[in-house]
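Look for subunit A in each of the two complexes below; its partner is subunit B in the first and subunit C in the second.
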Partner chain A sequence: MPVLEYLANGLVFSSIIVLASIGLSLVYSIADFANFAHGDTMTVGAYAALATFGVVGGLGVSVLGLPLGFFVALAVGVVTAAVVAAATHKLVYESLDTDSIGLLITSIGVAFVYRALVQIRFGSDFTGFGIQVLRPIEALVPYGVRVTQHDVAIVVSAALLVGGLHLLLQHTDLGRKMRATADNPDLARVSGIRTARVKLWTWLIGAGLAGAGGVFLGLYNQLSPRMGFNILLVVFAAVILGGIGSVYGAMLGGFLIGMINQLTPLLSDVGIPIGIEYANAVAFVIMVAVLLVRPNGIAGEAAT
Partner chain B sequence: MDLDPRAAWAGLTRAERGVVGFVAALAALLVFGLLTGGLAPTYFLYLLGLVGMYVLLSFGLNAQWGYTGLINFSVAAFFGLGAYGTALLTADSSPIAGGFNPLVGLVVGLALAAVVAVVIGVPTLRLRADYLAIASLGLAEVVRLIVLNQREWTNGSAGLRGLPGFFEGWPVLATFPEAMPGLRIAVPFGATILLETPFWQALLNVGLVGVFVGASYLLLGRVHRSPWGRVLRTIRADEDLAEALGKDTYAFKMQSFVLGSVIMALAGVFYAHLNLFVSPGDFEPINTFYVWIAVILGGSGSNRGAMFGGFVVIAIREGTRFLNGAGFVPLDVAPLRLLVIGLLIVAVMRFRPQGVLPPQRELIWPGALGDADDAGTPRSAERGDPRE
Partner chain C sequence: MSPSPSSDADPDAGTDAPVDPTGPDTVLELDGVDSGYGDVQVLDDLTLHLDASEIVCLIGPNGAGKSTVLKTVFGLLQPWSGAIRYRGDDIGGMAPEDVVRNGIGYVPQTDNVFGSLTVEENLRMGGVARDDDLDPVIDRLYERFPVVDEKRDAKARTLSGGQRQVLAFARALVMEPGVLLIDEPSAGLAPNTAADVFDDVREVNALDTAILMVEQNATEGLAISDRGYVLDQGTVRFTDDADALLDDDQVSRLYLGG
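== the complex of A and B ==
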C-alpha cells in the first residue's frame, strides 16, 4: 500500500486547505458570519496571479522549479484577494443592517458576482500557469513517494505564511488586538481598541491567505472559475472540525481534512467500497458528525 | 370584498402596486410576442410550466425558511430526488425498474424525498442556523455525488431518458393531445399561429402544475394560519421562547423540513415528466440558489411573494438568454446569469431585506378580515407587518 505517497500528497493538499481555513475562521470569528464568498476569494487570487504571471512570465532565476516571476504573481494574487475582500466588506457588508444570517445570504450573492466576473474575463475553461510539470524528486522515488519540487514549494510557502501569522498574532500589537476583538468585541472596544480598523485588517489578512491558497491550488491542480466554490465546503469542514473562531483549530482541522481527503484511496485498498470520487463526501460526513458530537470542534471554546 | 377595480387598486400597498405593474408589463410583453409570432405558443406554455415549477420549489423553501427559519441549502437535492424517484420507476432506460405508471412514480418520488429529509434532518436540525446552512449544502453535495457515481442505480452522468408524460395510462387525458384538432389562428397583423399536438400537450402540463401549485398554496395557507403554523412562526422569531412555552421545537422543525422537502420533490416529479429527461445536472447547487432568490425577493414567509419570485427567476433565466441571443451583450449566458443573480441577492439584502411582498394579510383569518371590514375599520390599520 502506497501509504507514504498518500501521506505526502495529503501534506501538500493540507497546506492549501490550512491557508484557506485560517482565513475563513478569522473572518468567522471577527465578522461573525459564515462567509460563503471565501472560496471565490481564492479564485480571485488565483486568477489575479495567472494574469500577472502572463505578464512577468519566467522572470529571473528559478527557486524549487518555479521562476521568480511566479512569486511576484503570488504576491499580486494575495494583495488582489485581500483588497477585493476588504473593499467588499466596506461597500457591502458594512452597509447592511442585518443579522449574521442575512450576511451569510449576502455573501452568497457576493460569491456569485466574483465568480461571474472571473468567468467573463477569463472564460469558463480549465487553465494552468503553464509552468513546466516537473519529474518527481529522484531521491524520494525509491520510498514510493512521488512529489515534485512544486509540491515542496507549496508546503514550504504555506509553512512560512502560517508561521508568520503565528508571530503576528502572538507578538505584535495588531495580533493582540485581533485576538481581543475576536474574543469579546464590546470589551475590546471599551478598552480603547479601534475595532473597525481591526476588522478591516482581519479581512485583509484572511482574504490574503485565501488568495495564497487559491494560487497554490491552481499550481497543484488547475484553475477554473468554480475552483474556489468547489473547495469551499471542504474548507468549511476543516474550520468546523477545528472549531469556529480558533485560528490554531483551523490549522489543525485543515491539516486533518486535507489528509483524510488524500487518504480516501486507502478505504478501497482495505476493501471498503468507497472510491476517490467520494473524497469530498467523506469530508462532509465527518463535518456533520463533528457538529453532532462536538459542535465547538476540537479546539473550540465552551458552548456559547 | 368589493369588486370595484378602483377601490381594489387603492387598497393595495405601494409594493403591491409595483408588483401588479410588473406582472402586467410582463404579460403584455408576452402577449405581444405571441401575437407577432416571436414567441411560439408551445414554448410560452413550457415557460409557464417552469414558472409553476419554481413557484412550487419556492413554496417548499418558504415552508422551511419563511415559516420556521431553517436555512436549507439542499433544495436542489430534494428537487433532484423527486425527479429521479419518478424517473427510475417510469423511464424506459431505468436501470432499476422502468415502465410503472407515473402515479406510482409520484408517490415513490415524494416518499424518497421524505425519507431523505428525515435522514438529513436528524443530524442537522439541532444545529445552530448557520451550521445548518453549511451542513445541508454539504449533504446535498453528497447526494449529488452518489447519483453521479452509482452508475448501476442511476445511469450516472448519462442521466435517464425515455420518460412518459405524466398522464400516460389515464383514461381520457392520455390521448387528449392527439385527439384535439389542430387549429390555425390568423392574427390580423402578425404571423399565423398553429396549435397542434405539442401545444395541447404543453397545455395539459400547465394544467397539471396549476393543480400542484393550487393544492400546495391552499394547504400551506391553511397550515400557516393553524396553531401548528403559529408555533413555527414563534420558532423563527425566538426559538428559546417556543421551548419555554413547552414546545418540542425539534419535532416542529422536522415536520416543517419534511413538508417543505416533499413540496420540492413534487416540483421535481413535475419537471421529470415535463422535460422527459433527468440528469445529475439537476442537482447543481445553482438551482438551490435560484429558489433562494425567488423566496427572499418575494418576501420570506409569503406565498404570494414566492409566486412573484418564481416569475422573476424565469424572467432572469429567459431574459439573459434573450439578451445573449439578440447579441445585445457580448457575454456567455452562464456568467451573465450568475452576475444578475448575485447582484440581485446583494441588492435585495441591502435595500429590501424583507422582500417585495412580505407576509401581511395572509396571516389573518379571512373571516376576521371580513368582520373588520364590516365594522368599518380602515384597512390600512391591518396592514402592518405582524412580525414587527
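== the complex of A and C ==
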C-alpha cells in the first residue's frame, strides 16, 4: 500500500493549501470579511510569474530542478499579487461604506474582474511554465515514494515562508501590531497603533503568500484562469477547520485538508468504494465532523 | 447645604448650565460639545474641564453620556459641535492614534487589554507611539504594579478581572500621559479588588497625571476625586468639589441613591 507516496503527495499539496489559507485567514482577521477574490489573487500571482518566466526563464543555474529564473518569477508573482490586492483594498474595499457581507459580495465581483483580466491577456486554455517535468528522485523510489525535486522545492519554499511569517508575527514590531489590531482594533488605535498602515501590510503579506501558493499550484498542476477559484473552496474549508481568523489554525487546517485530500486513494485501497474524485468531498465531510465538535474550528476561540 | 448648579447663580435656576471656570492650570477642556452615535445625540452642549494634577469624576445615571464624553475626547466619536482643547490646542475630531501622541491616555471600560497577547506585549503595544527605548518605562511599571510583573509571559486573557484592570492602566501609562481618561475602573470587580484599583488610580494621579474618570459607583468614585460633575441626559446638571457633591442632599437623593 503506497501510504508513504500518499503522505508525500499530501505534504506537497498541503504546502500550497497552507500558503493560501494563511493569507485568507490573515485578511479575515483584520479586514473582517471572507475574501472571495483570494483564489483569484493566487491566479494573478501565478500568471505574473508565468509572464516573468517567459522573459527570465533560462536565467542562471538550476536549483532543485528549477532554473534560478523561476525563483525570480516567483518573487514577481508574489509582489504582483500583493500589490494588486493592496490596491484593491485601498481603491475598492476601503472606499465602500458597507458591512462584512457587503464586502464579501464585493469581493466576488473583484474575483470576476481579476479572472477576466487574466483571461483577456492569457486566454482561457491550460498552460504551464514549460519547465521540463522531472523524473522522481531515484533515492526515494525504492520506498515507493515518487516525488520530484520540484515537489521538494514547493515544500521547502512553503516551509521557509511559513517560518518567516511566524518570526514576523512573534518577534517583530509589525507582527505584534498585526496581532494587536486583529485582536482589538479600537484598543489598537487607542494605544497609538496606526491601524490603517497595519491593515495595508496585512493585505500585502496575505496576498503575497497567496501569490506564492498560486505559482506553486501552477508548477504542481497547470495554470488556467480558473485555477485559483477552483481551489478556493478547499482553502475556505482549511481556514474554517483551523478556526477562521487564526493564522496558526489556518496552517494546521491547510495541512490537514491537503493531507486528507491526497490520502483519499487509501479508501479504495482498503476496499471502501470512494474514488479519488471524492477527495474534496471527503475533506469537507471531515471538516463538518470537526465543526460539530468544535464550532469555532480547531484553534478557534469562543466568539467574543 | 443647598444644591448648587453653579457657584454664582440662583440654585433654583434649574436648567441653566452651571458655570465652569477654567484657569491657567486647565489641561483638558470641553466647551459646548454635542456628540453621539450615528444620528442619535448623546452629549448636549456639554462643558467641563480638568486641571493639572486633579482627579475629576463623572457620575450620573445610565445613558447620561459619561462614557460618551471620554470617547469623544479620544476621537472614537466625532464631536458634532463645540471645542475640545488639550493644553489650549484644539483636538476635537483628532484620530485616537494622534490623540495618544498628544499626551492623553485612555483606559476603556471593557475589552481594555489585548487578550491574545502576553502581558509584556500588551505593554509594548502601549508604547508604540514612543520613539525612545521602552524598556526603562516598562521596567518602572513592573515595579509599580507587581501583579503584572508576575505575569509577564502570560496571555492577558488568562488574567483575573482585577489584574486585567491593572494591566489596562499600565498599558495606558507606558506613554506617560499628562491626562488619563478612565472608564469605570471598578466595573465588574469585587469590592476589595475595586478598592485596590481606586488606590492605583490615586497613585497614578500622585505621579502628576490628571485623571478624568467615569464611575458608576458614584460614592466610591467621588471619595478619591477632587471634583465631580453630575451628568444627566448628556449635559452637566451639577458640579462642585467632590466632598460637597457627596454632602449635597439633592445630588444624594437623585444620583447617589442615598
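The working rule: the second predicted complex is superposed on the first by the 298 of 304 C-alpha atoms of A that agree within 3 Å, B and C clash if a C-alpha of one lies under 4 Å from a C-alpha of the other, contacts with A are read in each partner's own complex, and residues count from 1 in each chain.
Everything that follows uses one rule, which is that a residue touches a chain if its C-beta (ideal position, glycine included) is under 8 Å from a C-beta of that chain, and two chains touch if they have at least 3 such contacts.
Bear in mind the structure is a predicted one, so any value in this text is a computation, not a measurement.
Colleague: After the match on subunit A, would you call subunit B and subunit C a fit or a clash?
Modeller: fit
Colleague: With both complexes superposed on chain A, which partner does A:120 reach: first (subunit B), second (subunit C), both or neither?
Modeller: first
Colleague: Examine A:184 and indicate which partner it touches, taking first as subunit B and second as subunit C; both and neither are also allowed.
Modeller: A:184 sits against subunit C, while subunit B stays out of touch.
Colleague: Using the superposed model, give me the angle at subunit A's CA centre between the CA centres of subunit B and subunit C, as a multiple of 10 °.
Modeller: Spelled out: centre of subunit A as vertex, angle of 90 degrees.
Colleague: Check the residue A:64 against both partner chains and state whether it touches subunit B (first), subunit C (second), both, or neither.
Modeller: Neither partner.
Colleague: Looking at A:140, would you say it contacts subunit B, subunit C, both, or neither? Reply first, second, both or neither.
Modeller: neither
Colleague: Report for A:75: first if it touches subunit B alone, second if subunit C alone, otherwise both or neither.
Modeller: neither
Colleague: With both complexes superposed on chain A, which partner does A:240 reach: first (subunit B), second (subunit C), both or neither?
Modeller: first
Colleague: In the superposed model, which partner reaches more residues of subunit A, subunit B or subunit C?
Modeller: B
Colleague: Which holds for A:173: it touches subunit B only (first), subunit C only (second), both, or neither?
Modeller: Only subunit C is touched by A:173; subunit B is not.
Colleague: For A:195, decide between first (touching subunit B), second (touching subunit C), both and neither.
Modeller: After superposition on chain A, A:195 lies in contact with subunit C alone.
Colleague: Now for A:295: first (subunit B), second (subunit C), both, or neither, which partner does it touch?
Modeller: first
Colleague: What is the minimum C-alpha distance, in Å, between subunit B and subunit C after the two complexes are superposed on chain A?
Modeller: When the complexes share the chain A frame, the smallest subunit B-subunit C C-alpha distance is 12 Å.
Colleague: Where on subunit C is subunit A touching in the complex?
Modeller: Subunit C residues touching subunit A: 74, 76, 95-97, 100-101, 106, 108, 111-117, 121, 124-129, 171, 175.
Colleague: Over in the complex, which subunit B residues touch subunit A? Could you list them?
Modeller: Interface residues on the subunit B side: 71, 123-124, 126-131, 133-135, 137-139, 141-142, 145-146, 148-149, 285, 289, 292, 296, 331-332, 334-336, 338-339, 341-346, 349-350, 353.
Colleague: Hey, which residues of subunit A end up touching subunit C in the complex?
Modeller: Touch list, subunit A to subunit C: 173, 176-177, 179-180, 183-184, 186-195, 304.
Colleague: Within their complex, state which residues of subunit A touch subunit B.
Modeller: 33-34, 92, 95-98, 100-102, 104-106, 108-117, 119-120, 124, 225, 229, 233, 236-237, 240, 275, 277-278, 280-281, 284-285, 287-289, 291-292, 295
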